[in-house]
Amino acid sequence: MKSEICTSDADTIRVRGLDLTTEILGKLDIGQMAFLEIWGRVPTPQEDIVFNSLVVALVEHGLVPSVLAARLTFLGAPDSFQAAVASGLCGLGSVFVGSIEGSAKILQEGIQRIDQGLSIDAYVTEIVGSFKADKRAIPGLGHPIHKEADPRTKKLLAIAAENGFSGRHVELLHALVREAERVNARHLPINVSGAIGAIASELGLDWRVSRGIGLIARTIGLVAHLLEELRNPMARELWLRTEKEAQAGDHS
Amino acid sequence: MKSEICTSDADTIRVRGLDLTTEILGKLDIGQMAFLEIWGRVPTPQEDIVFNSLVVALVEHGLVPSVLAARLTFLGAPDSFQAAVASGLCGLGSVFVGSIEGSAKILQEGIQRIDQGLSIDAYVTEIVGSFKADKRAIPGLGHPIHKEADPRTKKLLAIAAENGFSGRHVELLHALVREAERVNARHLPINVSGAIGAIASELGLDWRVSRGIGLIARTIGLVAHLLEELRNPMARELWLRTEKEAQAGDHS
Amino acid sequence: MKSEICTSDADTIRVRGLDLTTEILGKLDIGQMAFLEIWGRVPTPQEDIVFNSLVVALVEHGLVPSVLAARLTFLGAPDSFQAAVASGLCGLGSVFVGSIEGSAKILQEGIQRIDQGLSIDAYVTEIVGSFKADKRAIPGLGHPIHKEADPRTKKLLAIAAENGFSGRHVELLHALVREAERVNARHLPINVSGAIGAIASELGLDWRVSRGIGLIARTIGLVAHLLEELRNPMARELWLRTEKEAQAGDHS
Amino acid sequence: MKSEICTSDADTIRVRGLDLTTEILGKLDIGQMAFLEIWGRVPTPQEDIVFNSLVVALVEHGLVPSVLAARLTFLGAPDSFQAAVASGLCGLGSVFVGSIEGSAKILQEGIQRIDQGLSIDAYVTEIVGSFKADKRAIPGLGHPIHKEADPRTKKLLAIAAENGFSGRHVELLHALVREAERVNARHLPINVSGAIGAIASELGLDWRVSRGIGLIARTIGLVAHLLEELRNPMARELWLRTEKEAQAGDHS
């Protein structure tokens, strides 16, 4: 059993080879530290900008189900702040933030197969056909609210392009959209998960941990929502109203 | 029911009044976004440096119990990445990162009572006496490994001082240490949770959500450890060895 | 490192010394198995009835916050059923089911101190005074909905009495209620957590794990609610309505 | 929004139409209550025996990863007992207990397609071929420790048969094993998840919540392990040893 991330003794903590006290604290900010921790090295200025934009994009999206779950958990367990945040994170599965993973998987596996000789066209035809056969939405495409275009998508792709991270994964994503729109005969905007999945792939992040970008971001958001819940609570009202409505008519 | 954090419609997402696409993405980094989200406004340059240092300090501290829990969870549920991170966060309770909360509570309640007329001496005497009577460790003081001095503590307090955040909460923490060392007749270093509790209080963060700094930081760390677990796993070995050892002699 | 609960090899699994295949399966039911697992021995018929009644009482109490949290989590992560249940359990803290622990703690520590010579009167006076000074509710007393009397309490105490488990902890609970009602000059019904805390103490369950009775029960309830959520969902409606209401007026 | 499970007012709690105080407490045991809660009706005596056996079989299997995760979480958060249990449940994903779901899905979808005219042979050929192509293990078959035969499997299938629940799903499971052994040319024992998936399907449990049987069972097991952790801890030792070993050689 061996970990390469950190070494510590009574006097020193080193993270990825850098001394936490003398080389990291006050020198690296959160984004650079996260990059160092995950990628194993300090980011270039361009990577820094792009990685920060991915996390920032996902910090907040209103009273989404994971936020409500965390607030309801905090109502029952105000003594376990960490459990309220954990409860919210548990819901970042396949439907919401977890779709980053699905998007990154399709793109990374696609590049691998294209490198082995498959054409882009053949790959996107296969993917779109396979999801259609299973009657499943392609991760990264479409959004329940932002039907026209997710406002964050265009901006993130622009930031990535300006910094040199609009390469083969982004190109493949666009090819995938074109094929999906053709087959389904309707507009399918790239959603924020799709853009993040593609850009994270450009940054070289393994798709199997790409959901982590959303987890880091949403942990920040959950802390803010729990602070608001303390000051201006809504969970109790949400509970009592729901219970009243859902049981109405059963008391007869 | 009302939330002041975010508003969104089909075209726009505003966080704390700023437009995510035109005013946040590419303009604010993760630390500034987190500050905006939690405090409700963009930080000053000094607040920015200090807040970043608090989170950065807690990202990584080796194979701590929460990291091992997350790795073991990932072994059983590789399809639920978010659940592995949540599992790790669940353990950030009173013993480890949660102690930030205990420290911030003592300091914030202390300043409140001192403002009402109590002397600093009277307050620290009361706190140290009360914890001693309950045979409990004072949150923020002492460390199982860093017995002399936590290397991060001094640096964090220096960064805070350089940026104008070494005020009354930090002063109270030092008074508390002096009294605790006097009563217990031994050296009690301020640990990283103590320093963070004090500095977070200087930044005006409500102690009831101060544990959130640790949660944000450790989510970053957990993502990195789960990536390492994918590439160079240890959880299976940890499980099989433990099972073998703990059952030895019971098979007779 | 040593565990006394289970031993297994390629052919046999023994739990608390009994062979799972030949001595447990088909011979012990869930309640007896849980008692064996936790207490280390098969229950007497009386213990069996009383333990079962404690768990059964807590399985279901409507659309409580933990149920809503689990349903909302399931909406985002339908692929992580276990994470939805875990999310619901996270909220069983100090306010709801966790109050069993608070009640059992007061009673078990009380019996210990009474055994050391303190009078019952002195102990309940101390406890009621201490909670009043801290402006905290005494765990196990009072209920937000069942203001007169929790319908489950009387029945549980009767089942315990019929089976010989209405001893010193139950007696102490009644003394505590009398003192609390005297000091607060109002009716304070024993709630279901209070009754369960007392009866679990009669059964010899360490207060530090007494919350476990609620966790076992609510896991059953959460599974049922998630099945209903699959067939007749409410989480999406709950989310969309809440988001709409809480953001109203902010779009200007 | 409507729930059919429970109705309550200030005086009465009804679960699935039965009065908790007068018709459930002291009359139904945990297994019958769980069946009532999940299936919506009291079980027959045969269903009662079979359902109990499924849960009992999964309560305990030694120091599995989920148990270690819960113990490690409890070390950091002894104040959040529920979070330690939740942390353990988070790991019951696709690899361990979650495989019940995979098994039940294959069997329930199979019966549906066979009802639509497909032959059993064609279905099992398709399934085995599909998993082989994906290089994935078929859920419910094979076991890392019990290579010959899982001792619990045979017993559970016998209990099911004796009580009239060895019908088409069990038959299909056996056909699946035969085909998998033929194609892979090696012995593949039905593991406990496979047997439970089949028998739960016989009981009419929707595969999408079948993992719930394991969650109910393991919650019981986790409570017992956390009690043992309080009395005879191992998590601290596990942490310190792992940290020491994994960092060895990095300090140079």
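As written, the chains take the letters A, B, C and D, and residue 1 is the first residue of each chain.
Everything that follows uses one rule, which is that contacts are C-beta pairs under 8 Å (C-beta built on N, C-alpha and C of every residue); 3 or more make two chains touch, one makes a residue touch a chain.
Everything numeric in this text was worked out from a predicted model, so none of it was measured.
*Asks:* Quick check: more C-beta contact pairs at B-D or at B-C?
*Replies:* B-D
*Asks:* What whole-number Å value describes the gap between the mean CA coordinates of chain C and chain D?
*Replies:* Computed from C-alpha means, the inter-chain centre distance equals 23 Å.
*Asks:* Measure off the straight-line distance from the CA centroid of chain B to the CA centroid of chain D, and report it in whole Å.
*Replies:* 36
*Asks:* Using mean CA coordinates as chain centres, what's the gap between chain B and chain C in Å?
*Replies:* Result: the chain centres lie 30 Å from each other.
*Asks:* For chain B, which residues are shared contacts with two or more other chains?
*Replies:* Where chain B meets two or more other chains at a single residue, that happens at 1-4, 6-9, 62-63, 77-80, 82-83, 86-87, 90-93, 97-98, 234, 238, 242, 246-247.
*Asks:* Touch graph across the chains, line, ring, star, complete or other?
*Replies:* complete
*Asks:* Which residues of chain B touch chain D once you look at their complex with the stated criterion?
*Replies:* Residues of chain B touching chain D: 62-66, 68-70, 72-80, 83-84, 86-88, 90-98, 234-235, 238-239, 242-243, 246-247.
*Asks:* Across the complex, what residues on chain C touch chain B?
*Replies:* Residue list for chain C touching chain B: 1-4, 6-9, 14, 77, 79-80, 82-83, 86-87, 90, 242, 245-247, 250-251.
*Asks:* Please name which positions on chain B make contact with chain A in the complex.
*Replies:* Spelled out, the residues of chain B in touch with chain A are 1-13, 15, 20-22, 24-26, 28-31, 33-34, 37-38, 49, 52-53, 55-57, 59-63, 78, 80-83, 85-87, 89-93, 97-98, 101, 145-148, 151-152, 154-156, 159, 206, 208-209, 211-212, 215-216, 219-221, 223-228, 230, 232, 234, 237-238.
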